[in-house]
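The letters A, B, C and D name the chains in turn, as written, and every chain counts its residues from 1.
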Amino acid sequence: MDALDKLSEIFKKFPGIGPRQAKRFVYHILQENEEDIAELINAISNIKRGVSICDKCYRYFENKNKQMVVPCPICSNTSRDQSTLMIVAKDIDLLAVERSRAYNGVYFVLGNTVPILDEEPHKKIRQGELLYRVEELTNLKEIIIATSVNTEGEHTAFYLNTLLRPYKEKSGFKITTLGRGLSTGTELEYSDGDTLKSALENRH
Amino acid sequence: MDALDKLSEIFKKFPGIGPRQAKRFVYHILQENEEDIAELINAISNIKRGVSICDKCYRYFENKNKQMVVPCPICSNTSRDQSTLMIVAKDIDLLAVERSRAYNGVYFVLGNTVPILDEEPHKKIRQGELLYRVEELTNLKEIIIATSVNTEGEHTAFYLNTLLRPYKEKSGFKITTLGRGLSTGTELEYSDGDTLKSALENRH
Amino acid sequence: MDALDKLSEIFKKFPGIGPRQAKRFVYHILQENEEDIAELINAISNIKRGVSICDKCYRYFENKNKQMVVPCPICSNTSRDQSTLMIVAKDIDLLAVERSRAYNGVYFVLGNTVPILDEEPHKKIRQGELLYRVEELTNLKEIIIATSVNTEGEHTAFYLNTLLRPYKEKSGFKITTLGRGLSTGTELEYSDGDTLKSALENRH
Amino acid sequence: MDALDKLSEIFKKFPGIGPRQAKRFVYHILQENEEDIAELINAISNIKRGVSICDKCYRYFENKNKQMVVPCPICSNTSRDQSTLMIVAKDIDLLAVERSRAYNGVYFVLGNTVPILDEEPHKKIRQGELLYRVEELTNLKEIIIATSVNTEGEHTAFYLNTLLRPYKEKSGFKITTLGRGLSTGTELEYSDGDTLKSALENRH
């Protein structure tokens, strides 16, 4: 396989990229000058070198001086509420919640969702790490399961609920899920019963 | 204008129908047999003859015996809670809420939303009729403003809020809006700040 | 079933209309005044009364004085070339060709396309009528098979070709199909091999 | 700016990539193992190292032994017809034509299209290189202008036509454009007049 095809094959594995766009990426890079390409290669190299995975919440974060592994800025921020833990599936979900500036607790990144009918769900997500973290947070008052409202997200929420129940009974924290209702852009006419029911219950 | 163009022009005024689909409707009708066409004409005639507009909530409803105008089945149903009034923009919104089986109060159909910067908003919606109905419901405890979560829907909610405030102060009912949060299908990663904030507040 | 549902059911059979839009059509009609509804009913009635099917090309056309059945204006227009016959699947295809002002021959409307694997294709299209018309046009020099470039369109072209071959050999007319190539909006990068091959052959 | 943002900024400049997908690419890379990342970096490095730009047609091509610059395999293939030159806007258009196996001449890659109202069109495309190539091909019989059928593609064809006219008159080659007609998937009913006109002219 030649160099063009080789790179195109790699880009095809990027999320959401088909063969046509992979090829377009290759030509995009070909048109760049040496400096831009060096910058891209550098940025890719740096990402593993300069990025650590937090040993509390398991999110990726910038950590220039990697000699000493420390928790990420959120987990080590003493003004964040350590008694509330939000479980999200992916780093990118955590970023969305941070962007909203509506949450001041800490996080745990599962790394994945649990597919329905999966026979070994504990291998799909950071299950051991989650349970360790839950026990480590001795002052835990609430776990917020923050998964998407689709089949796999709801199944993951169900799985986590079952998994965490014994810990909840032992430690006395509560388990909550994000409130449902009308989201931005929702038109009443197209809303399903579940959404409308929640929107009515949460009216204020 | 010939008969084909004439009918096509009328179909072009149907909501969401462009010139091509209007023409396709015409050919669809041409291919129908006499019986089907008679049935269509009949159904259209019956709709004005057999359908009344409720003099309480202003929705359209089936009323075969039109000699006596009565309120619609919802407004005349004594098991519905007459102390809660939900204001919706359109009949079709009312149908969505009824389908959810989550609401047992009564309704008022505005007939429209209030466009931003509209100089005569009271002419766009059934304003006089709404105020009359609000005064008529002597036992009113809550008005739910149930508009869509888009620019015009939120502007309409704002307009109604201002309009109803004096009545609220006089009569002591409260004014609420539908709860916001994650709706069915919402992915966390794509959620805006407002939606996430509400979803967090309404967690349970 | 009540009058609202009845009309909504009929609209659901219109091409491309789902249950939601059918309902929206019903409310659209409810909001119309008596005059508009009378106009709609009139237009629907007139369409069968004022529209004939041409006994030459089988297209629908305006024919106010239906006492005497005559061919449609195209078929009876002596300045149109009666030695070229274009076969189209639907009235709406004929309209598209007429709009282009690129064709001066006569037409035949099949009424349908022939689905692949259909066991009785002669019942799907106006086969007998077509063969009668082909024999009637004694001076026929060319038949243009003008079907869409999709699976069913191409299968129909193949079927017609086989059907008309014996007549072609007897009468000496030729059978052609529309030229393929780049159509308006086509981007080279996304073109398939067949289209590019034709575009190269038809370069000028 | 941290390493995550840095890489995300670079991906945002990739064709068709917005901020969300750029971020998803970053997390995709973070989840890869060291080996996969080394492979990606390698593939990017190789692309400039192992890929040359042909000094005849200006397309990118695999050239492992870059010590000696040679024309690309197409330009140096003696069985390709050197008397026919196809001008395309982009490498990716050339690939589409090669895939069709319908063309056996040589190419010239402009590198771009000419925007309408551009004041310095000669700076947008490889104009000098094209004119040099046209004079170099002493046996040239035809230039095929193969641009997309959209505003910018058609303007580029017009610009090239004007540019090449003096050379055409001097050297006696002809200038053609790709044939228009129905492309794969085209439905008659939705075809514009230009396409139908060409499809009729190119019928066969």
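Just so it is clear, contacts are C-beta pairs under 8 Å (C-beta built on N, C-alpha and C of every residue); 3 or more make two chains touch, one makes a residue touch a chain.
Only a predicted model underlies this, so the values are computations on that prediction, with no experimental measurement involved.
Participant: Looking at C-alpha means, what's the farthest chain from chain B?
Facilitator: Farthest by centroid: D.
Participant: At the chain B/chain C interface, shared numbers over all numbers used: above half (same) or below half (different)?
Facilitator: Interface between chain B and chain C is built from largely the same residues.
Participant: Report the inter-centroid distance (CA atoms only) between chain A and chain B in whole Å.
Facilitator: 39
Participant: With chain centres defined as C-alpha means, what is the inter-centre distance between chain A and chain C in Å?
Facilitator: Distance between chain centres, rounded to whole Å: 54 Å.
Participant: Going by the touch rule set out above, which residues of chain B reach two or more other chains?
Facilitator: 20, 90, 92, 189-190
Participant: In the complex of these two chains, what residues of chain C are touching chain D?
Facilitator: Checking each residue of chain C against chain D gives 88-90, 92-93, 96-97, 99-103, 144, 146-150, 153, 176-204.
Participant: In the complex formed with chain C, which residues of chain B make contact?
Facilitator: So the residues of chain B in touch with chain C come to 2-4, 6-7, 10, 13-16, 20-21, 23-30, 34, 37, 39-41, 43-51, 60-62, 90-92, 95.
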